[in-house]
Amino acid sequence: MASFRPAPVAGGVDSARAVLHTPAVSHAAYTAVRGQTMALAAPLSPEDCQVQSMPDASPTKWHLAHTTWFFETFVLVPHAAGYREYEPRFRFLFNSYYNAVGAQYPRSARGLLSRPRLEEVLAYRAHVDAAMQRLIEAGSLAPALLAVVELGLHHEQQHQELIVTDIKHALASNPLRPAYRAGPGGATHSVPEPGAQPVPDHAARAAMPLAWNEFDETVTSVGHAGGGFAFDNETPRHRVLVPAHRLGTRLVTNGEYLEFIRAGGYAQPELWLSEGWDVVRAQQWCAPLYWEERDGAWWNATLAGERQVVLEEPVCHVSYYEADAFARWAGARLPTEFEWEQAAEAQAATAHPAGAQTAMTRPAAAQPPAGNFLEDGVLHPVPAPGSGTGRGQWFGDVWEWTSSAYAPYPGYQPAAGALGEYNGKFMVNQLVLRGGSCATPRSHIRASYRNFFPAATRWQFSGIRLARS
Amino acid sequence: MASFRPAPVAGGVDSARAVLHTPAVSHAAYTAVRGQTMALAAPLSPEDCQVQSMPDASPTKWHLAHTTWFFETFVLVPHAAGYREYEPRFRFLFNSYYNAVGAQYPRSARGLLSRPRLEEVLAYRAHVDAAMQRLIEAGSLAPALLAVVELGLHHEQQHQELIVTDIKHALASNPLRPAYRAGPGGATHSVPEPGAQPVPDHAARAAMPLAWNEFDETVTSVGHAGGGFAFDNETPRHRVLVPAHRLGTRLVTNGEYLEFIRAGGYAQPELWLSEGWDVVRAQQWCAPLYWEERDGAWWNATLAGERQVVLEEPVCHVSYYEADAFARWAGARLPTEFEWEQAAEAQAATAHPAGAQTAMTRPAAAQPPAGNFLEDGVLHPVPAPGSGTGRGQWFGDVWEWTSSAYAPYPGYQPAAGALGEYNGKFMVNQLVLRGGSCATPRSHIRASYRNFFPAATRWQFSGIRLARS
Amino acid sequence: MASFRPAPVAGGVDSARAVLHTPAVSHAAYTAVRGQTMALAAPLSPEDCQVQSMPDASPTKWHLAHTTWFFETFVLVPHAAGYREYEPRFRFLFNSYYNAVGAQYPRSARGLLSRPRLEEVLAYRAHVDAAMQRLIEAGSLAPALLAVVELGLHHEQQHQELIVTDIKHALASNPLRPAYRAGPGGATHSVPEPGAQPVPDHAARAAMPLAWNEFDETVTSVGHAGGGFAFDNETPRHRVLVPAHRLGTRLVTNGEYLEFIRAGGYAQPELWLSEGWDVVRAQQWCAPLYWEERDGAWWNATLAGERQVVLEEPVCHVSYYEADAFARWAGARLPTEFEWEQAAEAQAATAHPAGAQTAMTRPAAAQPPAGNFLEDGVLHPVPAPGSGTGRGQWFGDVWEWTSSAYAPYPGYQPAAGALGEYNGKFMVNQLVLRGGSCATPRSHIRASYRNFFPAATRWQFSGIRLARS
Amino acid sequence: MASFRPAPVAGGVDSARAVLHTPAVSHAAYTAVRGQTMALAAPLSPEDCQVQSMPDASPTKWHLAHTTWFFETFVLVPHAAGYREYEPRFRFLFNSYYNAVGAQYPRSARGLLSRPRLEEVLAYRAHVDAAMQRLIEAGSLAPALLAVVELGLHHEQQHQELIVTDIKHALASNPLRPAYRAGPGGATHSVPEPGAQPVPDHAARAAMPLAWNEFDETVTSVGHAGGGFAFDNETPRHRVLVPAHRLGTRLVTNGEYLEFIRAGGYAQPELWLSEGWDVVRAQQWCAPLYWEERDGAWWNATLAGERQVVLEEPVCHVSYYEADAFARWAGARLPTEFEWEQAAEAQAATAHPAGAQTAMTRPAAAQPPAGNFLEDGVLHPVPAPGSGTGRGQWFGDVWEWTSSAYAPYPGYQPAAGALGEYNGKFMVNQLVLRGGSCATPRSHIRASYRNFFPAATRWQFSGIRLARS
């Protein structure tokens, strides 16, 4: 029976993905991405960087260390001649989930690691950055290794978003409702006075009326088309049949969601998936995460502190269960990921008939999409432009739940070796989200990008677009 | 903002599904299905019928009552003039999950209901059966109501399968390893002597060598084509693009699975989905459910008592995680549900160029598929015929895990009212299984049939067919 | 360092306790106790006998088997020449917690053992009874072995009480609120009509006013004085200093407890032990177990079915936390076990200046105490006699929580061997209860008897007597 | 029935305890105790002070804030004219368990409060200290209020010990095995090199042979005799009968405990309380907390980093279950708290025939006991002096488990008001420990002092003294 299992395919490359393009990682690109991470951590104290408010979130300090570990483990140790591991015990401490690298410190206990201290982790970053820059400047990296460096930068961008969402969760766990950026120095402590948050400018902006774009049945191609970086889970590009459908022209707003709440949406089991209904009752959900009703008004814990819910903003921090229930209540449904991708790709092509190369690795054809992203510094979704220009909020603001389970594309091949654990092993019991959020780096997103989270997830900037068959 | 939510569609019918065909439920069909349930319970003592060995399983007595409750609640109470509810408190006790009917007695506590006694539940069955037969014989049921009766019979067949799988789980929890049917009467108690089970005849049968059927990319239609009963989740029939692929010509055997075990399959994280690996470690899985290794031999708790694992039989009682890991180890993958359906439909069409109406409601074109089903009484999967006739084990023996998440078909509409809760509200975090098992009634299965269970499920008769891209 | 641990004491006897008296177990005594167990099971169906409603409770069938296993394991197998073990696998199935005997089937899964069936367990009982009676009739048992037989009978009496409390819990889990003894045969099923229970006769009886008996500081002896059977945890008798105190002349009533409820007792943390307050909130306790408020009236699930709470009855099914909180609210405290024993011993001596030998093993000086016991068949506490005769409800009705942690007496020695596990290993985190209940066999109780349960326990017939310093 | 509950006693004072002595809290005493807390936190980084490694432990920062909150809440806010609350929201954040003060931030989430930052908590301390010192210097505090201030200082000393035990637990959760005090500055990060810890000087010291002191039965008085501060749980002093017994002349050593381990102590259920055996198996205990076996040697995580187990040191970080099992294995038992107190009081009287007033509140008769305490800075137990001088290690080194359940003394009265929650509400399911540890402030301990923890507790410095009846 020894013949039952086929022999392994010879010549498997130990890279993160099939090399779809010629990666070219510059010193400047490396410095820009690594620097953006540091800038995100800058407003945070050592205490802030230490806190882990739930097993799914990680301390900022851990993100700073783990992204560094990624370059050390997958680039420097195997490939940089003469490189000496900074601290061998970090191999265990800062490994997230790569079984092929070895055992991992328990995820839920990351907040217990008071040592190394924040400043020691920063020294670790500096040590690895110096070695990485020497390597990049030397200029003789093989394409397969360059691809790993490029992956490391996109990996770091993912952790930039997680730094934002995780510290938001941690700060919102604090009944003082502190802001991510502490107020001016005269305060006796780093917490805002209650009720003192200004109303943002965009609150006055009216939401564009919801309309519907129509799409006929078609056989089209989805997935990454090449010519730039993509994660392995976006490949191979392949043909699918997309049935006739309609898509909402903008995101669902807080005002619309509040209508659902007031209509008793959280108390009607017929609107909910069975699992979702169980969660609603067990967790006593009655509004999006970070919302609280006091004295008849709805308040919202944001990264700028607590403030009143703004009706025109896209609703955010809802689970898949809530998105699905809202859609059912609204006589609609959520889009599939391919319905979404087809529309977003068309919109992106229209918006950018031509474009220049970005700092990192984006090819000419793939201008960064317009939208409210991390670099805008708002760190909160904003209302859709009211003019009917039809930008449609496809990118930025909030990740859009789709009804598509996260699954491999036909012919999907994870990379060989440890980096094959990057995406593939999570392909069950998760839903695909599309489009990026206000915490996503602008250069990180594209129409074929597949994010994924379990259905009960709420601490990501996740929102709702409606579809109809 | 009151206009945001569309007005409900007028004229929604309170039926289980769109009426795709003209149901014709005969007195004989009703009697046959209800009688088959009774026959399944016949070998069991009142104690056996009382036991609930885990929250996902139910006592036989509860199945007997709940299937009766279904007819009483959805047919007799609303539609049978002068019918008097047998016991109003049963409405609560025997409601499974229909929120629209009212609150439910907690699922995990069904085994605590020693009252009503088994004989009292049987009296309840008789009472409802008499009323149902009067109604059917009267012959003037509206099609919508006939459709509910028909649904009730298919519902009952689903519970027939559950009676078998649930009592198997209960009996296997007993270290005496009792058989479903107790041995001859001379024994002092209803448990077999250890090690005394005969080896089944088919054990000598060699397994057909595994070969591959090839399929080119095609756009095809899937879902129920009408002309007979189907659940709402099989509709609407719609077009999909199925990519080029290959499918294994038979099920994976115990022998092949044992090779995976011996190669250390349960100890290699790289073979597993991340969630699956967590379950393997938490539950210390090292073989299919009901297998046990003693003194170097593998034993198997079956409904006929414990016996040695037969290498040629299809492997059974594996979770999705195990099926997926095995496939990865074998250099293959699991089929999608549409790959499966396309192949099974073709096979069924070949096997039955013409056929006669079955006892229940199957149209001429839909002859029951060949296979090892409940009515065969084996209650255990059997080896594939060795001759290469290519029947392929598509139906019966074991449910086949597919890689398809259980999701609504484009344009899916659950029924209005309580029966709309039948299928739709479970469409998240479950995988589709296809083909039926040795515990499925023969007249219950068809190529478009979609079963669904969470990925960790093992107590169903679930097995593996391989695919390759 | 080998000398650190002392050599084991030579000559340890393998008996349950030091032989304090000459046990004399008659054929009649054996038959009476074993028969009483059978009589308790008689009203129950095989389904009733199968149910286990929580891990702390056991199915009636398991009690029937385990008490039999006790005689087989500790008497017949080691001491009855030629005795053949009924079924070797029962050694594992029906071992409760004797590690020295071997591994145990998991306690919380006892309700899953549908095999052996009830009738098979009864056959097991008959087999063991026949062998036991042959052994007893032979009349040549050594005193140490006779002591084990005697222990087995007292053990069986403990399980008689558990049969009552466990089936009460199981039946009360059933929303049909069935009675332990099913009603007359005309009913279509074994559940009473709602609200149809008669009010008991004693409900008219007024409760004696609560008064206080005073006691001065004294050095006295507590523990079993010899001259009859006792468990090892009642020995050795030893001297203690009992401080001055007062004790309530009767048990606390439902009416008094209802006053505590209405005063908001369950909502005032200052009345509760910290652990108790946590349990109150986590379990949402707001009344004794089995009480339910509907439409302004309090109902009580009893072994006779559901009926209204009778104010004059002793309050029952309260935890230690509730007893303690009630006492604090009442400006009192709970008695210590030695305060209780001193008073009860004095009362018993008064009540029975002389007495005859009981059927079993009670010496002349130890007439069974007066009270409402199992043999009275009420299976529910009754009001104190109103006349002020001062019987004081020391025995029967409800077990009385004391403030004494269950701990070994000075010089306590558990028996050698497996029977040493009977009591000693439970001496932490339990509270002592005294006096027996309406489910305790009359010949089983005495002033020195120490029952023990964790503080959150409510399914025993446990109530409250007040004390003051 | 309104007369059932007695009227509350008039004139209840809102103080922590009956005023047994005339408290005299000096400015110097306040400064000394508060300064000692600051000194303990000094070696810790903001990250260290943030970490909470389990629900039973608290972050150092929280201890710093809570002890300050105590003075603000119970002294300044109610009694200091013109005092303005530092931050009203701290009332909720830093309340530990005083329901009478109001709701509490969840204990297990204390580690999530990154705001206020460490430096802000230190500013809070300074603010409160200034106000307290003004109040104390004014010199006109009523005795009842002085008693609260004195209680606050003893309360702070208890938290000093917790700072030590909690940070030990947090640092030991870190696989880097860091030391409480970081090494010299040249290191690149605050973790020691593996295996680099020096062996302490005292390791050479041989343990005094274990001998036994004999005590006859006696009626004696226990509890606090007045003439100095005591917690309410040490009162009232009262008479008890202590039976004849023997007590070990020193603590059990690591060497003796290792003998127990090597004899299979953790694998023999007959040595364990039933609950303890369950914990041993569930937690897979096989040695004291902080011990680890590697390559045949036993290592110990200490506050000075990891080092080899020193055989002569007292065993430490064992639970009550382990202490009890060890004693049973050694043919002994644990002492009762009164056996312990009688011996310790005698020893203390011998050691200090006369003495001077301490800085704080200790009367002439109550010289601080000799022993290894917090102020010695060792923060680890040391071997008993070998000379047989008989000091006996009664105080310091490790808390000694007694077999006494924590219960109120006869006539115990908790204080009225919130401070009545200090001790009394924990009097169930805990065991008394006596004598103080190497983390206890020297001026904090006395012979009548009762510490208490649940039986499974291991993170305190808890050890074993043997007794025999």
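Each chain gets a letter, A, B, C and D, in the order it is written, and its residues are counted from 1.
By our rule, contacts are C-beta pairs under 8 Å (C-beta built on N, C-alpha and C of every residue); 3 or more make two chains touch, one makes a residue touch a chain.
Model, not experiment: these values are computed from the prediction.
Peer 1: What chains do chain B and chain C have as common neighbours?
Peer 2: none
Peer 1: Going by the average position of its CA atoms, which chain sits the greatest distance from chain D?
Peer 2: B
Peer 1: Whole-Å distance, chain A centre to chain C centre, using C-alpha means?
Peer 2: Each chain reduced to its C-alpha mean, chain A and chain C end up 60 Å apart.
Peer 1: From the C-alpha centre of chain A to that of chain D, how far is it in Å?
Peer 2: Once rounded, the distance between the two centres reads 47 Å.
Peer 1: Just the number, please: Cα centre separation of chain A and chain B in whole Å.
Peer 2: Taking the mean C-alpha position of each chain, the two centres sit 38 Å apart.
Peer 1: Where in chain B do residues touch two or more of the other chains?
Peer 2: Not one residue of chain B touches more than one other chain, so the list is empty.
Peer 1: Under the touch definition given earlier, write down the residues of chain C that touch chain B in their complex.
Peer 2: Those in contact with chain B are residues 45-51, 53, 61, 86-87, 89, 92-93, 105, 109, 111-118, 120, 123-124, 170-171, 173-176, 178, 188-191.
Peer 1: Would you pull the chain A residues touching chain B in the complex into a rising list?
Peer 2: Within the complex, chain A contacts chain B at residues 1, 4-6, 8, 97, 99-100, 210, 217, 219, 238-241, 243, 245, 255-256, 259, 263, 269-270, 272-277, 320-321, 324, 329-331, 333, 403-405, 407-408, 410-411, 420-421, 425-429, 431, 455, 469.
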